[in-house]
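These notes concern the structure reproduced below.
Letters A, B, C, D and E name the chains as they come in the text, with residue numbers starting at 1 for each one.
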Amino acid sequence: MLDAGKTETLLEVNNIEVIYNHVILVLKGVSLAVPKGGITALLGGNGAGKTTTLKAISNLLHSERGEVTKGSILYRGERVQDLDPAALVKLGVIQVMEGRHCFEHLTVEENLLTGAYTRTDTGAIAADLDMVYTYFPRLKERRRSQAGYTSGGEQQMVAIGRALMSKPETILLDEPSMGLAPQLVEQIFEIVKAVNEKEGVTFLLAEQNTNVALRYAHYGYILESGRVVMDGPAKDLRENPDVKEFYLGMSDEGRKSFRDVRSYRRRKRWLA
Amino acid sequence: MFYREAGDFKTSYVEDSQTFPIRFDRWRYYAVVILAVAVVPFFINDYWANAVFVPFLIYAIAAIGLNILTGYCGQVSLGTGGFMAVGAYACYKLMTAFPDVSILIHVLLAGGITAGVGVLFGLPSLRIKGFYLAVATLAAQFFLVWLFNKVPWFYNYSASGQISAPERSVLGVAVTGASATASAKYLFCLAILFVLAWLARNLTRGTVGRKWMAIRDMDIAAEIIGVNPLTTKLSAFAVSSFFVGVAGALFFSVYLGAVEVGEAFGIQKSFLILFMIIIGGLGSIFGSFAGAAFLVLLPVLLKNVLVGQLGWATDLAAHVELMIVGALIVVFLIAEPHGMAQLWRLAKEKLRLWPFPH
Amino acid sequence: MNVANPEGYTTPDGRRIGGVLMEMKNITLRFGGVNAITNISFDIRDGEIRAIIGPNGAGKSSMLNVISGFYVPQEGEVWFKGYKRGPMKPYQVARLGIARTFQNIALFDGMSVLDNIMTGRLTMMKSGLLGQAIWWGGAQREETENREKVEKIIDFLEIQNIRKTPVGRLPYGLKKRVELARALAAEPKLLLLDEPMAGMNVEEKEDMSRFILDVNDEFGTTIALIEHDMGVVMDLSDRVVVMDYGKKIGDGTPDEVRNNQDVIDAYLGVSHD
Amino acid sequence: MPDQLLYAMEAGLNGLMAGVMYALVALGFVLIFKASGIFNYAQGVLALFAALTLVGLQDGQVPFAHLINAVFGTDLHSFGWTLPAVVAIALAAGVMVLLAVVIEKLVLQHLVNQAPIILFMATIGMAYFLEGLGDLMWGADIKKLDIGLPQGINETIDTLTYNAFGYGFFIDNLDIVATVVAAVLVISLTLFSQYTKYGRALRAVADDHQAALSVGISLRFIWVLVWSIAGIVALVAGIMWGSKSGVQFSLSLIALKALPVLMLGGFTSIPGAIVGGLIIGMGEKLFEFWIGPMIGGATENWFAYVLALVFLVFRPQGLFGEKIIERV
Amino acid sequence: DLVVPNLSYRTGPFAAGGIPYADGFNDYFTLLNERDGGIGGEKVATPECETAYNTEKGVECYEATKGEGALVYNPLSTGITYQLIPKVTADGIPLYTPGYGRTSAANGKVFGNVFNYPANYWDGASVAIKYLLDENGGDLNGKKVALLYHNSAYGKEPIRTLQELSKKHGFELTEIPVDSPGQEQKSQWLQIRRDKPDYVLFWGWGVMNAVAIQEAANIRFPMDHFIGVWWSGSENDVLPAGDGANGYKSLAMHGTGMDYPVYDELKQYVYDAGKASGAGDQIGSVLYSRGMYAALVISEAIRKAQDLAGHAAITPSELRDGFEALEITQERMVELGLPNFGQAFAASCEDHGGPGMAMIQQWDASTKKWNLITDFIAPDDEVLVPLVMEDSAAFAAENNIAERCN
């Protein structure tokens, strides 16, 4: 397993603040370091700011009237905040957006091919297409369907496959497991792992499914209300009792049945 | 802190759902109403009435109408000019056929007739959506204009096809025709606008409004949770056309006094009113007012500055004016795609936080 | 327990489940060449929590769409409350007392949370266009009455603080909750939930589970639920239908399904417990 | 053959030709809609602007002469040259490309991911601006556009049909040229959008700006590309219509003739523009021919829209448009 | 100062017609100011206001200039005219609409403030038919005449008259409307090609003119059988069609070209002094001449009013009286440096419409010039007067107007 301390930092987020619509302050000073060749997980509850962080990195905030007002984002040591999102993809950073965002009117295969938009090596593209189809045989069956008509899970596969098609150096994955069948969730993380190990692709993933995420990630950050409240190597986080209780749903007696959680608990306030 | 919300506690849902829940807003609203009713009429002259106030009031009615259809119900319409023409011609026929009836009744009936026509042209909206529908509404625009131009019955067989408003009065005061005074015209339009805006506000805050907005935001989901798209869309067409029809009737009878259908109610009018609601803010009654005010005032202002103050040649000024209006529209959309109403909301949100930046 | 008993059955935790509320008979749904659903039959009993599971693209959401009248199956019959349902528009189905949430959140983005939830009550609000326009009197009274009901749901789901926020700004998880609130506002007899817990962490799933159980308990609402989190499905549901490639491959109690070899092969991969 | 039938055939044929002229304008709409989901109302004004620029360049008019004279008290009018048509067309095309760059920079870039209606409105704002600019640059008088295209009745067809039916058909030479040009445009644009990766990128952008950005499609590049092509198509339309009716303000109103075509063919289909054009052109001419005289004539404007509307009721996405995806 | 607002349109769809007209209008007053120091010692101000041919802007312009003490309005738009008729009547300001506007305003008994001499649309229609009668030896029986018109108030004006005339002279009238702006006229011209009318009369404005002439040339319609009203007979209309337009005819209610002594003075006092209106490139064109003619009539009315009132700074209502008492003789035209440019006429309380005569001009494409080919032809008042009476009586009834002049 990779150790964060030893490798160089590929992506660095320094104390950023994000404001939507000029008034809504969402991130209140978030800092992250993503090591090259590692899998870093970004955890946290609803509305913690995971998606916002990823969008800030990939420069997609502008199109949502959001803005990084403080701090800096460095990729390979260079400031990338002011780049065009497309330029960032050329640098090798690609994002899989939350909520799929397939191109509805394009077929599944066309969607995947658009992923390779920035590439010119036709032969390799075809090979990668085959690779994606081996990862997701379901997509091969539906390759000629318009993506808008495919099921939720199929769309999620398209989104991930599309990102893989661009042969990136870094992938920002926003909730990859959402809406996928259980064995597929494992499979996706296996793919992440494989791509990470074989091709050295760096991952930063935002995930609600903490359980799986912490099993595959090397390092984790926990975000609450726009602040990083805890970070550490994945295995340490897994052992942390608070994380266990709130993110893994385990009490001292092991996993509780969802039927038995009788009283609603107030969310624990982390010390910020 | 200038703007306070805290301290305004509501103890009932009625209070909570009133139009201006914040006391400060409410006062400002009363101040504007008093100004409009009790001060303006004493100072208004022909120029201000005919060049600014009367068109503003009438356009505001039309803008509210279109906003109901487009802003609230999400059905983009480019047929507004045509529907205004229906209102105008209906009013003309009624005025000349029943000269002794109050013009107020004629205007309202004209609105009703337009509502009927609106429903008819709204029928395709059940199948056709988005820009296809927008373009399809042009069928109404062109057809109606053609009809009023072609069938002599509509213009009482006059030689040129123009219709001219004879003098008619409300409560003994002339509001149409040459001898109507500036303040009479102004107050007549103001009263109608006031009542209609209030009705529109009621409609949009309750069940009907929610149905419209549901169809606008996601028609399929709306249907699945129990909104009947047929009646909902048609009710929006009907209500919207009613407003637009009333505006058309006033536009012809009170404001211009004589119109030629292709010129006064052409497609340019449809676009103008669409502009008003977009610049003002889709889905906002206040936005309709703001948009109407902006687009009525801006050209007058620009003209007075460029020609009156700077002494430019009129054609240069007109070209530059066109460019400025166009550029301002774009700048507005870039600055705030949700219109002036949203700018206003954001400003309030900022004020609430003032002096802290966030 | 005797699941086939037409009179209903009693769950292990002692809840009484009634007779058949809804029955799908031999449903087949095709899109061009794609068979989304092939000849599936199953029933939903009064008061139970019925889960539908299966791999991605199995046809689960399509099945919900058939129930809510959005898709019209080429073959098969839908029976509700003992009557065969004729061809119906979705909004008519809603008026029968069937409410639902959507897999890809379908909230009305331009409206506040409160207004969104109020739309859930549209089928119950009767005042006409004219009454609404005049507002004072009937319309206002009706609005207030319904508002009270909605406020109860808001309290119940603990979303008081976002009441007036436009839904577009909410994070994913809260949107799901608002959608649930909207469906509940309709006081449905049958509630259809399409992946209500996607994109939530464990804590939030626990909250959501509580809501679902309480709705079922307190209002006696029958629930049909699609979910990929097996923990949730196994813990909450009384009976489970399993679909794969549009076909039904299993139907029974969670325990039965969990040990069904076809289900393990097609969906679970390993047996979950 | 009975005369009435011959006349109808002639009217129908001319309708087809007129339809081609509409299609030329509709093409520009389709391109931009396909590439960004923007309903570009300014397309008509682009055609006007292009034609004005072409005439201005060709005749060596000094741009903004009127303004300059007013401000500096000079008396400029003309550079005193007359450029060959080809050179002037090339230069005008260059201006259109430049315009595309400017539009992207100043407007589109700032409106990424906005609702379609907002973008639509922005194009109307642009239309106003360009209209004012065009007039300010080149003056508002009617200008003659002559790049040497043939005009008037085609003798060959006249003689051929006369010999065949005893009635010579009137087909305008300019319309024949327009048909050839339109065919070339449609074929090459179809090839471009079908067989290059840009074609796919265009459709992706139209579906989802954000997702397109996220896979590395540069919206700026795509938009400049598409608006440039649309600008050049507008130039072609401007040349055709300008040769026919002179160049002045009303040229921008041809956009209104293109809308029903667009609606009928489908907003996203390049071949749809031409097929739609043919159907609309023929339909409105035949209607005017048979029914027009009974109801007072001048029916063409609305009939085109009503015809398209009727089609839409059966096919809400037009003949070849992409189906509107309805799913929950 | 004497304020004579110039409600012009130098932008919009009809700018090409509005520009020369406005220039001619301004330049003539500039000449009076520069050469004579105004009229009766009072300078004339012509504040311009852009209407873009749009009725709403027209209202705004009217109200804006009214405050400056406007003496008379001449909006060059039939639509705006209709709108201003009640307003000027209430405000007591004269409205002068030569060759356009509401035809029945010729009846001074009903329209006290409106003047449309020397000729109006119905006159024009009648003159055109008279000319055709002359061409055909006084008999139009069985001939086919098509009216191609702008589908608006303006274009529809001559229809009634022509219908009456067709009854009287036994020609067959076909009405062919063209929707504004009129860029696409294929159907109309195919119809003409098929029906083969003997003559086409033409009521167009703006781009419609150029397109019609081009299409006529395209179908090889004999151009000398194609006759436009005076609003369809300017250089703008024929130039785009090039040689094809050769022989096209139109009505003319005044002369054109620069062969008039007044141009020497205009050159001296206005053009060479750098005081020309607009770009100064429209001088001598048909519509320029028309604007100048309108200015001339207005200035003569002002002179008359000054005489009647006995002071130079007249009021609008004094000017109204001046219009009503106006008489312009050929001698006066000579004095003004425009011999034979316009017809002589005298107004009266009943008659606000003048004699209504017009000439026919023909386009020579090789020299790019309009040539007058007839003398002034008088309209058929026998047909026109009853029509005017009928229409004005209807207006009077609808608006409760009591007849004057009794």
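Of note:
The rule we apply is simple: contacts are C-beta pairs under 8 Å (C-beta built on N, C-alpha and C of every residue); 3 or more make two chains touch, one makes a residue touch a chain.
For each chain, UniProt lists the protein as follows: A = Amino acid/amide ABC transporter ATP-binding protein 2 (HAAT family); B = Branched-chain amino acid transport system permease protein; C = Branched-chain amino acid transport system ATP-binding protein; D = Amino acid/amide ABC transporter membrane protein 1 (HAAT family).
The structure displayed is predicted, hence computed values, not measured ones.
Chains making contact with chain B as well as with chain C: A, D. Taking each chain's centre as the mean of its CA atoms, E is the chain most distant from chain A.
Of all chains, the one whose mean C-alpha position sits at the greatest distance from that of chain D is C. The mean-CA centres of chain A and chain E are about 75 angstrom from one another, to the nearest whole unit.
Inter-chain centre distance (chain C to chain D, centres taken as mean C-alpha positions): 50 Å.
Note: centroid distance chain A to chain D, computed from Cα atoms, is 45 Å. One inter-chain figure worth recording: chain B and chain D are separated by 32 Å, centre to centre, where each centre is the mean of the chain's CA atoms.
In chain E, the positions touching at least two other chains are 10-11, 15, 19, 151, 179. Those residues of chain D in touch with two or more other chains are numbered 66, 135, 140, 296, 298, 301, 327-328. Multi-chain contact residues, meaning those touching two or more other chains, occur in chain C at positions 61, 70, 102-104, 106. Under the contact rule stated at the top, the pairs of chains that touch are A-B, A-C, A-D, B-C, B-D, B-E, C-D, D-E. Those residues of chain D whose C-beta lies close enough to touch chain B in the complex are 39, 66-67, 70, 106-107, 110-111, 114-118, 120-122, 124-133, 135-136, 140, 256, 259-260, 262-263, 267, 295-296, 298-299, 301-302, 305-306, 308-309, 312-313, 316-318, 321, 324, 326-328. Listed in rising order, the residues of chain E touching chain B in the complex are 8, 10-11, 15, 19, 48-50, 52-56, 59-60, 62-64, 66-67, 78-79, 82-83, 85-87, 89-90, 102-104, 151-154, 156-157, 159-160, 179-180, 278, 387, 391, 394-395, 398-400. Here chain C touches chain D in the complex through residues 61, 65, 70, 102-104, 106, going by the rule given at the top.
Every residue of chain A that touches chain D in the complex is listed here, in rising order: 58, 60, 62-64, 84-90, 94-97, 101-106, 110-111, 113-115, 117-118, 146, 148-149, 162-163, 166. Residues 346, 349-350, 353, 358 of chain B are the ones that touch chain A when the two sit in their complex.
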